[in-house]
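Order of writing sets the chain letters: A, B, C and D. Residues in each chain are counted from 1.
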Amino acid sequence: MTHHLLGVGGTYPLLLALWLLPLAGAVVCWAFGPQLGRLAGWLVAGLVAASFVLAALSWGAATQNAAGMLGANQRLVAWMPGFDFGLLLDPLSLIWTFIITGVGFLIVFYSLGYMEGDGAFARFFAYMSFFVFAMLTLVLSDNFVGLLVGWGLVGLASYFLIGFWFERPSAVAAARKAFVINVVGDAGMMFAIFLIFAKVHSIGFGDAFAAAGTFAPALLFGVCATLTIGAAAKSAQVPLHTWLPDAMEGPTPVSALIHAATMVTAGVYLVARCAPLWNHSPQAQLLVGAVGGVTALIGAVLGTAQWDIKRILAYSTMSQIGYMIMAVGVGAYEGGISLFFTHAFFKAQLFLGAGLVIHALNNEQDVRRMGGLWKRMPFAFWVMLTAVLAITGVPPFSGFFSKDEVIYGDLQFGHPALFAISALTAGITSYYMFRLLFLAFLGEYRGEVEHGHAPGWTMNVPVAILVAPSVAIGGALMSGGESAPWARFFAPQFGAEMAAVAHRPPAISEGMTSVIVFALVIIGFIIAWWRYATTEAKRDAVPRLAGETAHMPVVLTNLFYVDAAIDLVFVRSAQFLGNFFGRMLDPHVLDGAVRDVAFWARWLGAVVRSFQTGLVRAYALILVFGATSFIVYYTFATYGMRH
Amino acid sequence: MTLPFTGADWSAILPVSAIAVTALAVLIADLFSGRNDQRYVSIAIALLGTIVGGILAARQFGQHHDAFFGGYVVGGFTTVFQEIIVIATLGSLVLYGALGPAQRIAGMTAIMLWSACGAMLMAAAANLMMIFLGLELLSLGLYALCGAVDRRASRESALKYLILSSTATGFLIFGSALLFGATGSIRLADFVNPVLAMNPLFWLGAGMFLIGLVFKLSLVPFHTWTPDVFQGAPLPVTAFMSVATKAGALAVFARFIYAALPADAVQGLLLPVWIVAGISMIAGNVGMLAQHDLKRLLGYSGVAQIGYILVALAGGTPLGLRYALYYLAAYAFMNLGAFAVAAAISGDGEEGADLENYRGLARRRPWLAAAMTVFLLALAGLPPTAGFLGKILILASSVSAGYLWLAALLIIGTAISLYAYAKVIRLMYETSEGARQALEPFVPLAWASAAICAVLVVAMTFYPLTPSNVLPLVR
Amino acid sequence: MMAVPLDHYVALAAVMFFIGVIGVIVRRNPLVMLMSIELMFNAANLLFIAFARAWVQNSGQIFAFLVITVAAAEAAIGLAIIVTTFRPQKYVDVDDVRTLHG
Amino acid sequence: MLLVLLIVVAPIAAGALIFALPRNDRTISRGAGTAVAIATFAMLIAARDAQWSVRWLSRPFEAAFHFGTTPVSFWIALLLALCTACAVATTRVARTRDFVALMLMLEGTMLGLFLARDLLVFALFWDLMLVPVFFGLVGWGEHPATAWRYFIYNFAGGLTLLLATAAFGVIYGSTDVIGRADAHLVGAWAPWIYAGFAFAFLVKAPIWPLHTWMPPTYGGLPSPMVSVVSAVQSKAGLYGFIAIGLALLPDYVREYADPLMVLGAISLIYGAVVALVQNDAKRVVAYSSLSHLGLIIIAVASGNRIALAGAVVYIVAHGLFSAALFMVLGYLEEREGTRSLLRLGGLGWKNPRLAGALCIAALAALGLPGLAGFVGELIILVGVYQAGYVWPVIVALVGIVIASAYMIRLYQDLMNGPEVADVPVRGDLTWLEGLAVAPLLAALVIVGIYPVPLLRL
């Protein structure tokens, strides 16, 4: 069992700097945006780069493993007993930090060109910088509440960036949806925190994990399940995935950074971070694995039915994250993280490549109105091609190794059903990715835009840079199983789990699985080719696509009715209740009761006044009536007393 | 032959006689004073005399003496009631000075002084004859005062008051006769005889006697005269009635229940009174709800306020009497203050009675409006006024005496009453076009008395002057 | 010893008082109402006298005299008020006097 | 220490003095009002642990004009002074002089309430603080019926409080008990006394179903006053539960915790779903407070120490963000002449500062991690769960989700979307307005990061 997280109270000031630099950037850009102008972008890029450098410098500190204490630690503030806050940099958070700041830097740099001339240039970079800060908060916290804070703040940043062009009602709606669903996740995590705190009286990871063995199974499952809600909401897992496709309303760089590379993988981070909890709860592992598997499949299936280039990528992201979640769920932490790592590169590359296309075609996103672009923008074509090969897991591209680990992990950890699902998904993935590639780049151009504006170097350079890792990094780090640098890097963190499974070898070897998966990938490719890339398909593409659009299975066009169900069950019912209470119960029943009291008081007053007829004799009569009742009382009271 | 009375006896009635003589002085002075200043002469003399009377009465505080064979008790709470009556008289006389055109008011002033004497006699009376004497002296004066203005309403109020009040008096003396028959004595002190506790004649007598008192206290269902008479009578008279009559009757009632009842019969003997008090607290307050005439509204309010005071007495505890006195004093200031404001905004006639004339007062005369607000809040029992403290004292005594149901009725009644009082406040402070623009004249006397009352009403909250060692001197 | 037992006086007084009360309620002429009130007073006087005799206590008799005096004064004021009230019209009827109500 | 008395008297006296200014004065009264409020803030800090007392009654029970803060009331009082200063600084209503005077009197009376260490004084100020608001509703409110509903509803509560106070005094012998640890009342009467207190507190908070006076009142009052009322006056009831219920009658709070918790939970959900569909911006906030106060009631009912610490944080947090929300909405209404979510939209383009202020306040209200609201909610629920109540925690979490929905809706409908043609956009926040809201927002951030002082009970 790894007790390496108990580093509370340590000091590592570098960590503070690397954490707070982006925040400074955000504040400056937010406050002095107009004055800064284009400088804002460069400032943010510089600061993110700086914190990347700092992260690189802290490699040693993060990987140090002295006295059972892995990583570097910086304490921040203590609210009250049990509420100690601190930062933690260990291999896990280091990897995320690298991606957040590294890929983040590239994308910010890319945005310099992409957001060129936008009305709210500075605001965009303020948000981006704020997002980086928030994401760092998430991965660097050494306790659940800090994690939750980051969790909420990235949700806010994503809200701002999805709704960045907030004059668009669709963007506003998408932002609202994303935010609320993410809050559902936050609520789930809060509940997990309550459960944990009630048990261990601390919010620190260390205390919770140290005590993980002592949790009652039901309690532990509860904790993991509620954490899973958080992970599902943030990582767009079924059934809380519906916000991710809509999130594509945001600018493309945002989709690349937040909704592909980093934020949506927070769920993976969460499960990996809480490995000690999951390891003690097989049911929880099964739950998360199942969620991930189902999401991977559904995402892939829905990806085949999309026409919007960014939505295709969004569903593929959802599917890929499904893979990761499944992997870390079943216990193949390295595998999941490696897929996250490589995915960050090639998915960012895909989005940025798509961004090149969209930018060039004046925000045209429908692949039906693309085609033949490889002639117009060969650079984009090659970029996309490499990325597609990477994501489909064609050796020796990086995706091959990571996905291989993930899929084989299912078998290793004894989940053949999940293995089947993920293998199938791999095939579908290759189908829809090549479909995208063929539709966009092969054949004849089907759109109207004659010559959009060509992307500048600030956009091309980052994409070019990304090509390298998405091609090579898998082979460089992850080939060679146990002895691979990747495995050795994570050995101190997840070594125990790996060892736990080492002694039950699955039925078929890793090589065998690779062959099966690759065969499915080929099949997917062939179908895609046959449907979209044969000469006749290319010739009469327009009517074919129209026909396909018309005959698209309704269940797919309605996205499995998940949106509709959520809308009906939660949104509509809440609004109904609200209207009933606010327009019916409140004014007419509750307040009505009050008004009735007033009414009866006035009525009583009228009764009293009705005796004031003004007639002396009537008054005398009333007087005498009163007197009589007195006399009667005083006459008979004594009788009553005597007998 | 020599009279069987000692000098102490004469000195006991000195305050009353001082005021009575003052009344004569007013009449005489009126003959010799010039046309345009006579009203002020009358007022000045009357005020002077009343103040002297007040001082004389105050000097008796603590010096207990049963004058005239125990028929006239001074010291103790007599003094407190007499002081309240004196204050009421002063306040009302001032209103005479503030109101109306220069006219002969010497007569009214004198009559009011004599009525005050009657009330003061009631406060001190310790035997049935003295009670009757005081009551009639008070009432006869009031009949005249009510009808003293040449207005139809005024005459009507006088007639109603005359007939109803005399009827009630009839019950009172018939009751007195029965009491006399049951006990063979007219001294209240002789009624404490335990053997009477079971005597039906005594019970019946006490009952009919109480009818007379309850009428003067204007508790439901003996209240019917109150709204009409309050509305019809001239402003100063209403002010005087609202306090002095009640003070006198309350004094008699207090003496009756504290000093004149066989201990083990008190509960049963007084139950009807508590019941009508409870009814009054509700009926009086709901009666206020739809009124458009300030005097009428205050008439109904008086019905409820007396109910509150009786709640304090319900326990029959020494503290209860103190709180009743405290609340009565506070009530005197609230009411006199309210009437002073009314006088200040009525020119020659009775405009001060019509609530319409209060609309937007805050814009024209902010200070008057503020003072009126204080009085209304006090009547509603809101802080920072004596009304608030009085309420809590009354609640405390009723709770400790176990009369929770009265406390509950008090709470309910108060909640209702707020609506009526706050309605006037809102009238004064709302900014509507309907409000009249003409600025009310500055009336020094009325303003002064309003100011004094306001200050006292607030001050009494923070320095509750509840007269101590009252009860030992009741008998 | 007394010729007529005390109860008779009490009964008579009660009857007188009752008649007085009824008179006040039913008659519309204020003068008659005043008379009825006098009747009530006198009922009380009768009681006072009777009881004074029974208890051999003259304070009762003094009380009776006092009541008579006061009643006279009351009648005087009452008449004055009635006159001023009904001066405008030829007949007297309390039911006409009802401007103040509500 | 006389300073304590001064804290209470100064604002009231100043309010009275302001009437001496010329009738149509604006700037002087506004400035003076702000200065006085800030002065009270400073005096509060100076006199944190000081007390001042003088005998009031000796019979029928001991009572004293006894002032001094308790650990809880200190923060509420500070909040009050801060809100008043901010609200008065930018008052822009007809008859400014009178209004500012009222605001100061409101502050003074409420300070009296929160500094009172004597039940009777507490009851006195409880009724007294209704009066300025009543005048505010009469003189500046939208329609008179509101004034009645507010005044009589709360006065009814005040009366039960009065009766309970009297009974407490008679039975315990003294009302000089607030902030004393040893004063516990038990016996046959105690439950009824607790009931009397509880009714007053529930009306004041308000808690469902006694809340119907609140939406019209918050909607009708001019925004400077409603920001103070919603921020602080609504806390009087909760403070009562903490300082009187839990301190003097703990057994009965515990015994009747479940009904209290049910009411709190109902208010929480009820307010949230109603806020979800309101189209009047102020009413959205009004119903949201119903929901938020429900959470605090749950915390109080749980009686758990951590939950109470959280309740204090949340009381302050809610004060800050509701005050900020109402002030910003007030600025908005002054500019646009309407506060209907249906008519407004897209204001964010032209008024970034306005949008920013509203955004921060709204985010704090929906409990965004990192802001004060979150701290309160988290710690409260941690405590409530620790106390063994599971279902209220779940209800609260549902409420938090709905809160995010209606607050985001509020913000987006006003600031986002296409600009609406027919409403004029009259300029962004002035520097003064910005300066007035800034302290509240800053406090939200600070408390959100470092709530430690508030957590020391």
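Going forward, a contact is a pair of C-beta atoms (placed from the backbone, for glycine too) under 8 Å apart; a residue touches a chain by one contact, two chains touch by 3 or more.
Please read these numbers as outputs of a predicted model, since none were measured by experiment.
The chain pair with the larger count of C-beta pairs in contact, out of B-D and B-C, is B-C.
Separating the CA-averaged centres of chain B and chain D is a span of 43 Å. Mean C-alpha positions place chain B and chain C at a centre distance of 26 Å. With each centre defined as the average position of its C-alpha atoms, the distance from chain C to chain D rounds to 65 Å. If you average the Cα atoms of chain A and of chain D, the two centres end up 36 Å apart. Within chain A, residues 598, 609, 612, 614, 616, 620, 624, 627 each touch two or more of the remaining chains. The set of chain D residues that touch two or more partner chains comprises 148, 152. Chain contacts: chain C has residues 21, 24, 33, 94, 97-101 touching two or more partner chains. Under the contact rule defined at the top, the touching pairs of chains are A-B, A-C, A-D, B-C, B-D. Of all residues in chain C, those touching chain B in their complex are 10, 13, 17, 20-21, 24, 30, 33-34, 37, 40-41, 43-45, 47-48, 50-52, 54-55, 57, 59-60, 62-63, 66-67, 70, 73-74, 77-78, 80-82, 84-85, 94, 97-101. Residue ranges of chain D in contact with chain A, taken from their complex: 148-149, 152-153, 208-209, 211-213, 215, 270, 273-278, 287, 306, 309, 346, 348-349, 363, 366, 368-370, 374-375, 378-379, 381-382, 385-386, 393-394, 397-398, 400-402, 404-405, 408-409, 412, 415-419, 449-452, 455.
By the touch criterion given at the top, residues 609, 612-617, 620-621, 624, 627 of chain A touch chain C in their complex. On chain A, the positions that touch chain D within their shared complex are 77-80, 83, 145, 148-153, 156, 159, 163, 166-167, 169, 172, 175-176, 179-180, 183-184, 186-187, 190-191, 193-195, 197-198, 574-575, 577-579, 581-583, 586-587, 590-591, 594, 598. Listed in rising order, the residues of chain C touching chain A in the complex are 21, 24-28, 33, 94-95, 97-102.
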